[in-house]
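This structure is in structure tokens; I'll ask about it shortly.
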Amino acid sequence: MYKPKEECGVFGIFNNEDAGRLAYLGLYALQHRGQESAGIVSSDSDRLHQVRGMGYVSEIFSHDELSRLPGRAAIGHVRYSTAGSVSLREAQPFLVDGYRGQIALCHNGNLPYASDVRGQLELDGAIFSSTSDTEVVLHKIARSREVDLVGAIIDTFTEIEGAYSMLFLTRDRLIAVRDPRGFRPLCLGKLGDSYVVASETCAFDLIEATYLRDVEPGEIVVIDSEGLHSSFPWAKEKAALCIFEHVYFSRPDSLVFGRSVNKSRHKMGRQLAREYPADADIVVPVPDSGVSAAIGYASESGLKFRFGLVRNHYVGRTFIEPKQSIRHFGVKIKLNPVRDLIEGQRVVLIDDSIVRGTTSKKIVQMVRNAGAREVHVRISCPPTIAPCFYGVDTPTRDELIASNLTVEEIARFIGADSLGYLSLEGLLRACEDPLGNRHCTACYTNNYPIPVTSAARTKTEREEGLFSRESFWPRI
Amino acid sequence: MYKPKEECGVFGIFNNEDAGRLAYLGLYALQHRGQESAGIVSSDSDRLHQVRGMGYVSEIFSHDELSRLPGRAAIGHVRYSTAGSVSLREAQPFLVDGYRGQIALCHNGNLPYASDVRGQLELDGAIFSSTSDTEVVLHKIARSREVDLVGAIIDTFTEIEGAYSMLFLTRDRLIAVRDPRGFRPLCLGKLGDSYVVASETCAFDLIEATYLRDVEPGEIVVIDSEGLHSSFPWAKEKAALCIFEHVYFSRPDSLVFGRSVNKSRHKMGRQLAREYPADADIVVPVPDSGVSAAIGYASESGLKFRFGLVRNHYVGRTFIEPKQSIRHFGVKIKLNPVRDLIEGQRVVLIDDSIVRGTTSKKIVQMVRNAGAREVHVRISCPPTIAPCFYGVDTPTRDELIASNLTVEEIARFIGADSLGYLSLEGLLRACEDPLGNRHCTACYTNNYPIPVTSAARTKTEREEGLFSRESFWPRI
Amino acid sequence: MYKPKEECGVFGIFNNEDAGRLAYLGLYALQHRGQESAGIVSSDSDRLHQVRGMGYVSEIFSHDELSRLPGRAAIGHVRYSTAGSVSLREAQPFLVDGYRGQIALCHNGNLPYASDVRGQLELDGAIFSSTSDTEVVLHKIARSREVDLVGAIIDTFTEIEGAYSMLFLTRDRLIAVRDPRGFRPLCLGKLGDSYVVASETCAFDLIEATYLRDVEPGEIVVIDSEGLHSSFPWAKEKAALCIFEHVYFSRPDSLVFGRSVNKSRHKMGRQLAREYPADADIVVPVPDSGVSAAIGYASESGLKFRFGLVRNHYVGRTFIEPKQSIRHFGVKIKLNPVRDLIEGQRVVLIDDSIVRGTTSKKIVQMVRNAGAREVHVRISCPPTIAPCFYGVDTPTRDELIASNLTVEEIARFIGADSLGYLSLEGLLRACEDPLGNRHCTACYTNNYPIPVTSAARTKTEREEGLFSRESFWPRI
Amino acid sequence: MYKPKEECGVFGIFNNEDAGRLAYLGLYALQHRGQESAGIVSSDSDRLHQVRGMGYVSEIFSHDELSRLPGRAAIGHVRYSTAGSVSLREAQPFLVDGYRGQIALCHNGNLPYASDVRGQLELDGAIFSSTSDTEVVLHKIARSREVDLVGAIIDTFTEIEGAYSMLFLTRDRLIAVRDPRGFRPLCLGKLGDSYVVASETCAFDLIEATYLRDVEPGEIVVIDSEGLHSSFPWAKEKAALCIFEHVYFSRPDSLVFGRSVNKSRHKMGRQLAREYPADADIVVPVPDSGVSAAIGYASESGLKFRFGLVRNHYVGRTFIEPKQSIRHFGVKIKLNPVRDLIEGQRVVLIDDSIVRGTTSKKIVQMVRNAGAREVHVRISCPPTIAPCFYGVDTPTRDELIASNLTVEEIARFIGADSLGYLSLEGLLRACEDPLGNRHCTACYTNNYPIPVTSAARTKTEREEGLFSRESFWPRI
């Protein structure tokens, strides 16, 4: 069962005496990108040291663990596994040894063709310790004829297309790589004499690093004792930045693709209000990701913004259910309505997506139970009709409600009085890409930046069917 | 070192086959009232069973632990220790054995005179296993001449005044007690054939119990196999409901003292806007407790509401600091500004209190660093000038900035362009108690509902000096 | 359920900068006296500090835990709970606060009348946090009119008879007390300028302390900054040293009651060979406690000593059983026969006691399965016919096989070809007390040094019935 | 740092519904062969499942962990790491995926030329996740042109010589392999309809399996749903069974190489008494491994056997040292003399080896301090003069005291009145191999069954220099 898909966050730092601990802080700030496992590899200039664990960053890294990460360079990873078999074996960074010496690697993205390459490699005698597409990269690099690691990386990704924001660490180098389409973000910053890289700028804010610029699509950045070296070895491709980072995945206080996530969401909300106004009293976000859009919607519509759903922030990763049935328990443990705000009101509920529809249905019901007279659901992006092959875990087409039902049918299914999705044009405009030249919108359009063979698609979708039903909804 | 003060939450359930697990869920919903330790005692009608632990509810109670809590009745407690010596010995519910059989007890509140009583008891041969004022109650009850437990409770609290919302569990009874002034909240609900009690109604919402009414000030509610029995054994006192529950401590989705917390906070914000308008662009809450008031302020003022500070929700109880200095690290790990929203703006920052002023100073600075042109701080209650003796952990007068500086001086200290505190009248009106007949406002007025002897006051304040400086600020 | 019985070990040290850590080492050496929980309380001259935990000493005390035990004095305790409800609440040393300040206490022994006193205390308003008889002592001391702690201790034990080797620790004193009959051992030693006390001298050996003498029956030893003060405040009683310490409980390398345990056991074995010779080939001990007697038996009889049963030393406290039945699994996980030695041989099996007979039966069967032609069981003490009320956990009379069956019947039950028990005279002679003036032999004679009322006996036996069946057999 | 050496134990079972749990029991019985990490891989006929951990078997496997090992086949491993960097990455069984599907592997032995092969593999693009020689095997197998796994195994070990008792598990087969010289033991047994394999028969005894025969040197045993298939694919070699298994490493109750370990040791002791009699009073073993030989020595010499050194069985893996110096602390925590037995005696101390001499020196001193008049040390094997390359961790030649000093000099170094080593002839006779045709005795003779190139030797010895000094002495 080869499960390549994951959403993750990466962080790296070079030339800092506190490298391991700053990596830990960086992962802390990126925790929303993956809560299932985390790891750090550091280099003491002679050898690499690895600590990986299951759970939250705050649970994995104690003083003891951090003391096992000496040296002035480190890379780290948080992972949200989308596959059924969650295991420490899959936790990154991976650390392997070969003829170029020790190499650590962590990856945000997905390599949709990796399973084909893996098959080839297996026939050629390669053995795998994980189910990850990332391990394929390590094998390809090890087998490259290019002597230098950078050459081998170039070699490898000339052959394997896909979405990858990747960090490599060796004894003496930190290498950051981003695929030519730039699907996933990767930011470059400076902290005193140290260079830092991270999936989002919120990691820089915490450690007081300064954002310099993005690692560009197609760029390889090599950081060593001489400084920073940049190259663009691959053929240029049309940019395909993942628009869902702005819709849902990134933190609102981050810059992603050089642009404020909060601003994008706010504009999505405004645009949504223009496209789908509602004859209602109050605008209520589904926290936390719906907040910025809801404020935008309220601003534009003139309706009152109200925090009508309160989130319980103490929910751990595991939760013991009561024996007796509690309706909508999974939603209830995380959200509670403020009856005082909702009772008797006509509510516009702002959310960032509807995937299977089951969670939305529970939330609508919860709001009705709290006394809402009407519930108008507004979604800050278009209907999700196609699975992602570039690093976001989405269910198969069969399970995507918008792939199977009309908007009216969905409204009926989730029990909403009305339902409106932001148009693709509106979304692109909110992200300041009115012509859609820069973003990947495949999940809304079914137009994939890299052609997906029907074989690969079928295969991936079949595998996706094994995913747990609620896996897409990690943070509610 | 007798440290009586604590903020806590309590939960109880009687006549439910899933009592232990529902208690666990109830504490889950009350986690914000205490994150340092938690415990549950259940009764299997023959014996009582206890599980206590340090940390979050989700960390303490596994399937194994819950299976050690059999029976159809249970009480539970979350605790935020305010004393230096945090220890499992202090975790509640306490469970003791005596001539009336086993009794478990948990307590939200404070008994300011308990230290005197404790001294008496010690002279009389009592031995103590904790430093808690709650243990004094157990001794007094054990020594009461009243044969029945309820009689002994009445006896005890005829002698010891203070703030107490308390739950007792015996083999066959659950007893809920609230002091005649009703300092701390205590709610009564129903779940099928079971009775439930909790500090706040959000615990009922999670388990789908229905709120019936409050346990009234001065009421003893006894729940046994016969049903519910109510009595009001003590002399009636003027109500002194803790207004700070509405300002800060409770969850906005709760009913506290029969009234929506969110509504109170919203009105505080509106009133604050009337009393202290600001020539500004945006209203930004300090999350999470400042959100409702900020929405109220924005509504009233017509200024734009913006979520300009984002909270990191993955912060665990312990956090490993970097070796190198990071400015305002403690605040930074929990809050991050959204530069896009703040840059170039004149910001009204809404918070619920200023205690020592040091945290406020860091937040103001953080907002300025994010590019705010002006920062106008507005506080949704009056200046805190006097310590609480009834269950809220406040530092000594010497450390309360508003007890020592004028509002102008505070503004200068925290670096705000202007500073406004909600007036006492405004606060009372927001809580629909315009004449101040129902609430305790001692922390703002220095008028204590129970006269505090100067000796006691000095003693308590001296002890308070031992508190950790940041202890008041548990949730930012 | 008031379960007073336990076998335990105690250790104390005064005036040593490494007190906490040496207490830990002392408990390490005494681990065989109790494997269920352990604890240490230290004094930093101002306050007492407590660490307790479930499990082995090596599991409970990490560097972190030991760092929480500052100061120059400490007492510690290992406990083997005999009661069904094992719990941290019962772990010693207890630490309480009262008008004399903080007092810590740990106890090896049993107070058979404590349950009566406890009843009185409860009627008088005392509350208990454990089921231990030890807590009764703390209450009596707290209620004593004697101002000084030593006076209160004298007071208390003038009233409460029983078996107690006890250590008290206060801010500035370590007090060691042994009951007038001296049931349980207690040794006094010196380590540089420090005094040490321990249940057995093996604890002194490890830390290189020198054995000075025993704390005598009826003696109170007070150690403070002035040195050591001894007194004998109670009426002298006939000594009643527990002979089972020499038979089974203590380590062979210890001096107990001033006499080598190994020497006693060796002589028991020799005497047993004289009393019950066997026409056999080899002598095999049931390890570890049967080894010394087996060597004695072999020496005297001229038969060959063979290590025919090997013990698995890696058995932890919990063990997961296979789903499928394995015959005699409980014994098998701990013992394995050496077929090469046993096959075809006539075996004399030396053990130190037969309690219920079920374990002996399994061992005999195991030896037969390994090919023994004959199995002759020899026990290095007389038949156990009466329960102990002084600190050794024995089952009720009903469950003691020797209380219900003749030696021939027991032999048949356990499947032995012959069975011989050492005579009482032989046992006493082996312990160099030929007239039986110094030892308690109640478990073999039913003659109790302190008269046991039939009520108390019935009560205790009834409670004993709740004990787990295998509890007596902690180390095989 | 490529550290190939290890002492380990393996266990496997096929066709049993309780496979995972029986593997756990098997490892339990083999715990003495490795205490640093352990692991089990099971097959549910579809996929393989892995659990590995650091520490004792009893610490790693809880009910939860065992429930994660479904299926009717399993292999397990205990490991005693000899390398500095102990890590979960090195714990076996390894589990990898390749074109033949999932393969798990565990290994007892050592492949001295694996580092050369590894270098070749790395040049050929292989990447390694551990430093183990075992991983080399997995790579070679994956790269073999033989389609079937068994063919690939044959291929691999045609190229790589060394010491290997190895278990492979796939979806549907358990394969046991032993090198043609048979360095390390491997036993085959039956449990109902299930086949079992284990390093020693003590693992069979615990689960009540019957010993059938050894997996023979050079044999491959394949167990699948059809039953057991045996083959001998490699050229026959002269047997080289590790004689140190009988001297020290195995449990005395095991059959190893089809012969009772206890019998060998007993005969070693007898022979030693003939070769090196002593004018002494008592024979004392260094427990536990010296016991059988000491009994033999006593039998032959007519001297008295006495258990003069008692072992502390509660020593965990980590131990916190006292701040103050305690002489010979490391030995003291594990052994304590019985003064009563030793005082005034002339002692013959029986041990199984002297490696660096430092531990022996401490024990001799301890025995003297306990009052011995004379200490005559007798070792039940010849002087260890050469390192092992076949799976026993020995230090480099420079550190082997017998490689550098004469017997007289060693006697002086360890402080013995006399010292005698069993002759090689005596040892071989005790193992019933008088001509030395069947055993490897390289550590005593420097004659290696497989020629060791001086390059390899130098390399290995250099690496060995990194070993911790006490690593050879795992069980005292």
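In order of appearance the chains are A, B, C and D, and numbering begins at 1 in each one.
The criterion applied here is as follows: contacts are C-beta pairs under 8 Å (C-beta built on N, C-alpha and C of every residue); 3 or more make two chains touch, one makes a residue touch a chain.
Note that the coordinates shown come from a computational prediction; the quantities given were computed from them, not determined experimentally.
Note on chain placement: the centre of subunit B and the centre of subunit D lie 60 Å apart, centres being C-alpha means.
Once the centre of each chain is set as its mean CA position, subunit A and subunit B turn out to be 37 Å apart. Not a single residue position of subunit A touches two or more of the other chains.
Chain contacts here close into one cycle, and each chain has exactly two touching partners.
Chain pairs that touch one another are A-B, A-D, B-C, C-D. Of all residues in subunit B, only 17-18, 21-22, 24-25, 28-29, 31-32, 35, 56-59, 61-63, 66, 202, 205-208, 251-253, 260, 262-263, 288, 291-292, 295, 298-299, 304-307, 310, 312-316, 318-320, 322-324, 326-327, 332-333, 336-341 touch subunit A in the complex they form.
Put simply, subunit D touches subunit A in their complex at residues 1, 47, 50, 89, 95-99, 103, 119, 122-123, 125-129, 131, 138-139, 142-144.
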